[in-house]
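The two complexes that follow have chain A in common; it is paired with chain B in the first and with chain C in the second.
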Partner chain A sequence: MVAIWRRMSGVALGLLIVDLAGALLLTVVTPSFTSTYNLFITGRDFSILLLVALAQMIVLAVGQMNLSIGAIGGLVAIVESGLMVSYDTPVVIAIACGLVLGAACGAVNGLLIHWTKVNSFILTLGTSYVFAGVNLGITHATPFYHIPGAVASFGQARIGAFPEIAIVTIVLAVALAVFLRQTVLGRQLLAVGGNPVAAALSGLPVRRVIVTAHGISGFFGAVAGTLLMAQLGEGQPTIGVTWILPSFAGPIIGGAVLAGGSAPLLGTVFAMVLVSLISDGLILVNANPYWVQFFVGALILGGVLLGRVRAVGLRDVFRLKSTAPPVTDRPAEEPVPRRPAEQK
Partner chain B sequence: MSTIAPARVVLEAAGIRKQFPGVVALDDVSLRLRSGEIQALVGENGAGKSTLIKILTGVYQPDAGSVTIDGAPVRFGSARDALKAGISVVHQEHNLIPQFTVAENILLERIPTRLPQLVDYAAIYREARPWMKTVGLDMPATRSVSALSAAQMQLVEIAKALSLQARILLLDEPTAAITPHETGYLFRVLRELRAQGVAVVFVSHKLEEVFELADRVTVLRDGRNTALDHEIKGLTQDQMVTYMIGRSDVLAQLPARPARGEPVLEVRDLATEAGARGITFSLHRGEILGLYGLVGAGRTELAKAIIGELKVTGGDVLVRGRSARIRDLRDALARHRIGYVSENRKEEGLILLHSVLTNMSITIWRRLRLFGQWIRRSSETAAVMPLVKQLDVRAHSLAQQVGTLSGGNQQKVSLGKWLAADVEILIIDEPTIGIDIKTKNALHELIWNLAANGKAIMVISSDMPEIVRLADRILIMRNHRLVGDISNSHDYEEVSAAIMSRLS
Partner chain C sequence: MSATRTVAVRTRLTELRGTGLLRTLGLLALLIITAGFWIFFSAFATGFTSDFNLFFLLRSAAIAVTIGFAQMVVLSIGDMNLSVGAIGGATGMFAGWLMQVLGVPPALAVLLALALGTSLGFGNAALVVWTHLNSFIVTLATASLITGGMLILTRARPFSNLPDSFLGIAQIELGGVPVAPLVLIMLGVALVLGLVYRSTSLGREMLAIGANRQAARMSGLAVGRIVLVAHGLSGLLAALAGAMSVAANNTASPGIGSDWVLASFVAPAIGGTLLSGGLVSVSGTVLGGLLVATISSGLLLMNVSNFWLSVFLGAVLLLAVGLDRITRTVGGAAS
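Right, the complex of A and B next:
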C-alpha cells in the first residue's frame, strides 16, 4: 500500500481526493447513494467501463487509438450468446471463443496499422464499422435472448454491495499493472510508445509490441462485452455502442500522454470512479439523464486542459504562441542543434 | 573587416539576472551591441546563452537588470514586442511553414491584400523578391519551402527578419545544420548585412567560426560574463577556451593505444538503396575508425545499411569473418553485437519522457529477464548503476526523465545503453554534436577508453578537429562513395589538408 501511495502521480492523487470529496458529498446530499442497491449498480457499471477505459489506455500507451473497442465488445457478446443460445455450446467454450475473437480483432487492428502505416484513428474507425457490420449481419439487430442462467446470474450476483463481476475487473487491472511494470513486453510497450524510432534503434521488436497492445485492447473490450452480456442477461447487438466517450475519458482525465509512452493505470481508475460518481450523482439528484453526457464531455475537456496546464503552465495555455515551449522543467537548457537527414 | 561608420550602440543589456526554480541562469550578465557589428556569444551548454537570447527577444522577462535600445529602456512582454522593436531571432529549428512558398513565408506576418481580405499573390512575389535578393536566394519566389535545404531555409528566415525591419539579428547556432560551403555563403551574407548597418549576434559552438566571422565576443560561463564585448583581434583560441571553461588544456592530444587487433567488421563492395556503391573497408578490434564527410555525403545512410535499417543491394558485410545478413538493428544487436548511436539523440536515440534507467537498460531487458518475461528492477539498477558512474551522467536519480538532462548528459545516456549491452562493434554517429567542450572531451576520452579495451569503434563526424583527434584511420566519403582511406598522424594541418584535397 505504502509503495502504491509513494508512486502515485499528482494526477492520480488529485483525482482520488476529488473522488473522496464527491463520494462524501453524495452521501450527505442523497441518502440513497449509500444504499446497497445503488452502490451495487454503480459498482457494476464502473467495473465494465473501467475495462473499456483500460482497453483504450493500453493503445494510447503506444501512441495510437482504438475506436473499435465498443464494436469488438458488441461482436464478442453476440458471438458468445449466439454460440450458447443457437448452438448449445458450453459456456466456457463459448466465452473462450469470444475472448480469443476479441484479442484477434485487436491484433488485426495492430497488424493493419503496422503494415499500411495508416493512422490508427482512421483505421480503427474503419474496422469498427466492419466489426459492427458483422454483428448486424449475424443478428439483424435482434438480440440473442435466454443465455444460460449461470451466465446471467453471475451478471447479477453480489456480495453485499460488491458486484461479483468486479472480481474480473480487479484481476485484469492488477494483471495489467504487473504486465506494464514487471515484464519485458510491458516495458517494451511503453518504450515503443515513448519513441518508436528510438525503440527500433535500440533493438526492440516494434511490430510485436504494437500488435500486443492492440491485442490486449481487443481482449479487454471482449471481456467488457462479455460482462455486459452477463449483466443484461442477453446478447444485445447494441452492446458497446456508447463506449467511445468513456474509453477516452478514463485515460485522458487520468493523465495519459496522447503521444504515447505513458499508462497511468491508477489515474484511469480514479478518473473512471469520478465519471461513475458524476453519472450516478446526476441520476440520484434527478437531473435530466440526457444531460449526463454533457457533464462527462465537459469533464473530459477539463481533464485535457488540466493536462496541458501541467505540461506548459497556465500562462502559455491561454496565450496563442507560434511555438510551444518544450515540455521540460529546465528552462535554462541549451537546445541541441538538429540536423536534417542526409540527402540521397 | 572594419566597419565604415563609427558604430553606435543599438542594444545594451546590463546587469541581467534571471532565476528559475532552483537555479540562477543568469547573474549580472551584460551584452553590448553596435550597429554594423557582428558580436559572437559563446559559452558552454548551460552557460546561459539561450536564456539571454530569450530575454532579449521577450520570451522571458528578467528578474533584474535593464535592456535598452538606442539608449531608451525597453521592457518586452512578449516575442511580438521585441519584433516590433526591430529584434529578430533565427532559431535552429526553422519557424517556417513548409507547404507555403518562399515568398509567402517571408511576408507571412503581413500578406498583402487586394480588396479586403483577398490575397494579392502578384504583390507577394513582387515584394518578396528584393528581400530574397538581399540574402542571395537565387530561385523562384514560388518555390515551396519544403523543397529547400537547411541552409536555404535559414536564408529565408533571415530575409523574413530583414523584411520586418529587423536592425538586430540574433542567430542561434546557425551553422549547426549546414555544410562548410553553405557556411561560407552564410558568412558572406552576414558580412553584407553588417556593411549595411545591421547588428548581428552570432551564437556558436565552433570557435573557428567565431574567429573567422565575429568582430567582438561576449563569453558566458555558469550564467556570468567572463568576457564582455571583447575584441576578437588579438584574442587566441586558448584564451577563448579559458574564458569558456576556466582552463585551456582540455583538448590535448590523446595518448597512444595498443595496436589494433583482428578485423571484426569487413565491408566489401557494398551497394545500398540509398545510393552507396563500391564501399570497401574493414574495422578492427581496438581501433577507432573515422568516417568523415560533409552533410549529405551518405555517411549516416551507410551506417544504417550496415546495421540493416536501410536496404543493401549488393556486396558483403562480414562480422568476425563470417558473412552476415543483418535484417535490422535488433538482429545486429542480438546476433552480431553491433550497436549504433544515432546522430539525432532526441528523435532516434532516446525516449525523452522516460527515465535514465529505462533509456539505459532498454537494450538488456531481454538478457535480464527471468522465467521468460519477468524483469526485476533491482537487477536493472545493478546493471545500469556502474555505467552511470563510469559515464559520469549528472542526474539526481535513475528515475529522472532523460528529457530534463542537459545535451551532454543525454548523449552519455544514449551511449550508455550500448555499453550496458556490451556490444563489440559500436558505430557512433556525430558523438558530440551540440555538446560543450568539457563534455566533448569527456566523451572523447570515453571512446578512446572503449577502444583501448578492445571495442571496435567507427566514429562518423563532420567535425574535422574531432576526427583528427580521435581516429586512428580516416575514411573520407563524398557523394556516397569512399574517396579516401588515410592513416591519421594527428597533425591537424597535415591531415585536414589531406582530407580537403580528396573532397575537392
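Right, the complex of A and C next:
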C-alpha cells in the first residue's frame, strides 16, 4: 500500500482527491448513491469500462491507438454467444475461443501496422469496420438470446455491493501492472513507446513489442465484451459501439501521452472512477442523459489542457507563437532505421 | 536559418509532387475501377441505370464527397477532424430548428448553419493552435461536446416539417436529368477547392504546413492563421454536408453525422490525399466518393446484406492507405 502511494503520480493523486470529493458530494446530495444496489450497478459498469480504457492505454504506451476495441469486443461477444446458443459449445470452450479471437484481432492490427507502417489511427479505423461488419454479417443485427444461465448469472452476481465481474477486472489490472513493471517485455514496451528509433537501434524487438501491445489491447477488449455479454444476458451485436470515447477518456485524463512511453495505470483507474461517478450522479439527479457525453468530452479537454500546463507552464500554454516544440506531436509515420549490418 | 528551412519545405513539397505521374496513373486507375463497377452493375444489378436509382446514387455521392472534402482540408495541413459528423449533425439540427420553429427563410437558415459550422471549426483550431494539443484528441473531445450539447438542447427530437423550397436542393430533378441541385453545389465546391489548392498562396501554404509544420513555422509562415482557416473550412464543409443530408432525408434528425467518421476518411484516402498531410487530390476525392456511392448502391440492388458493405468499406480504406504507402515509397525513391 505504501509502495503504491509513493509511486503514485501527481495526476493520479489529484484524480483520487477529486474522486473522493465527488463521492462525498454524491453521498450528501443523493442518499440513494450509497444504496447497495446503486453501488453494485456503478461498480459493474466501471469494471467493464476500465478494461476498455486499459485496452487503449496499452497501445497508447507504444505511441499508437486502437479504434477497433469496441468492434473487437462486439465481435467476440457475438462469436461466444453464437457458439454457446447455436452450437451448444461448452461455456469454457466458447469463451476461450472468443478471447483467443480477440487477442488475434489485436495482434493482426499490430502486425499490419508494423508491416505497412500505416498510421495506427487509420489502420484500426479500417479494421474496426471489418470486425463490426463481420459481426453484423453473422447476426444481421439480431442478438443471440438465451445464453447459458451460468454465464448470465455471473454477470448479475454480487457479494453485498461488490459485483463478481469486478474480480476479473482486478486480476487483469494487477497482472497488467506486474507485466509493465516486472517483465522484460513490459519494460521494452515502454522503451519502444518512449523512442521507437532509439529502441530499434539498441536492438529491442520492436515488432514483438508492437504486436504484444495490440494483442493485449484486443484481449482486454474481448474480456470487456464477454463481461458485458454476461451482464446483458445475451449476445448483443451493438456491444462496444460506444466505447471509443471512454477508451480514450481513461488514459488521457489519467495522464497518458499520445506520443507514447507512459502507461499511467493508476491514473486511468481513477479517471474511470471519475467518469463513473459523473455518469451515476447525473442519472441519480435525473439529469438529461446526454449530459454524460458532454461532460466526458469536457473532462478529456480539461485533462489534456492540464497535462499541457504541467509540461510547459501556464504562461506558455496560450501563447500564440510559442517556440516550444509541441510535446504531443510526433510524425506519425517516422521510418524506423534498420540496425546497421556491421553491428551484428 | 529561415532560408534553409524554406528550402526544406520546398524540397519536401517537390518530393511530394514528384509522385505526379504515379498520381495521375492512380487517378486513371480509380476512374477505370469506377467505370468497371458501373459496367458490372449495369449488367447484373437490375434497375441500376434507372433514372430513379441514378438520382439517388449521384445524390449520396455528392454528400459523401462533401463529407470527404471536410476531412481533406484538415488532412492537407496534417491534422484530422473527428468532429466532422458532430458538426454536420449539430448544424443540420440548427438549420432545421431555424426553419421549422422560427420560420427563418431557408437561404438565411442555411447561411447561419454554415456560419455555426465555421465557428465550431474555428473552436477546434483555437484549441489546436493555442495549446499545441494533438488534433485527434481535441476533435474527439469537441465531437463529444458538440453532439452532447446538440442532444441536450434538442432533446433528440427531429424537425420534420421543413419548407419545400429547402428540400428542393435534394429532391427535385434538374431539367429532366436525374441530378439534384446539391450535386451541382458539390461540383461548385470542388471547383473552388481545386482552385484554392492549385493557384492560391493559401492553398500552397496549407500544403506546406502539412508537409512539414516545424519547417513552415521556421520559414515565417503564419501557421496559426492557416490552421485556423483549414479547420474553419472543414467546419463549413461539414455544415454544408449536414444541410445536404437534412434535405436528402426530409428531416433534421439527431442521428445525422453519427456514421461519418469512416466516410470522411475513405473518399480522400481512395483519391490519393496523403493522410500525413502535404498532398491533396480534389478530383480524387470526388472519384472516391462516387466509387463508394456506386458500390453501396449496386450491392443494395443486388440484395447483398448492407452489413457486408461495412467490411468492404473498411477493406477499401486499408487497401487505399496501403497503396498510398507504396506510392510514396516509390515516389520518394525516384526523386
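Convention: the second predicted complex is superposed on the first by the 323 of 344 C-alpha atoms of A that agree within 3 Å, B and C clash if a C-alpha of one lies under 4 Å from a C-alpha of the other, contacts with A are read in each partner's own complex, and residues count from 1 in each chain.
Criterion: contacts are C-beta pairs under 8 Å (C-beta built on N, C-alpha and C of every residue); 3 or more make two chains touch, one makes a residue touch a chain.
Keep in mind that what you see is a predicted model, and the values were worked out from it rather than measured.
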item	value
Touched partner set for A:W291, first chain B, second chain C, both or neither	second
First, second, both or neither for A:G261, with chain B first and chain C second	first
Which superposed partner A:Q182 touches (first chain B, second chain C, both, neither)	first
Touching partner for A:T127 - first (chain B), second (chain C), both, neither	second
Touching partner for A:G203 - first (chain B), second (chain C), both, neither	first
Per-residue touch tally on chain A - higher for chain B or for chain C	C
First, second, both or neither for A:G137, with chain B first and chain C second	second
Which of chain B and chain C A:G194 touches, first, second, both or neither	first
Touching both chain C and chain B, counted on chain A across the two superposed complexes	319, 321-322, 326-329, 331-333
Interfacial residue positions of chain A with respect to chain C in the complex	65, 112, 116-119, 121-123, 125-130, 132-134, 136-137, 140-141, 244-245, 248, 252, 258, 288, 290-298, 300-301, 304-305, 308, 317-322, 324-329, 331-333
Residues of chain B touching chain A in the complex	20-21, 23, 25, 45-51, 60, 78-79, 91-93, 95, 149-150, 172-173, 176-177, 223, 274-275, 295-301, 309, 328-330, 332-334, 340, 342-354, 358, 362-363, 365-366, 369, 373-376, 401, 403-404, 406-407, 410, 417, 421, 430, 433-434, 480
Chain A residues touching chain B - in the complex, by the definition given at the top	182-185, 187-188, 190-191, 194-195, 197-205, 257, 261-262, 319, 321-323, 326-344
Contact set on chain C toward chain A in their complex	80, 127, 129-134, 136-138, 140-145, 147-149, 151-152, 155-156, 213-214, 224, 261-262, 265, 269, 275-276, 305, 307-315, 317-318, 321-322, 324-325
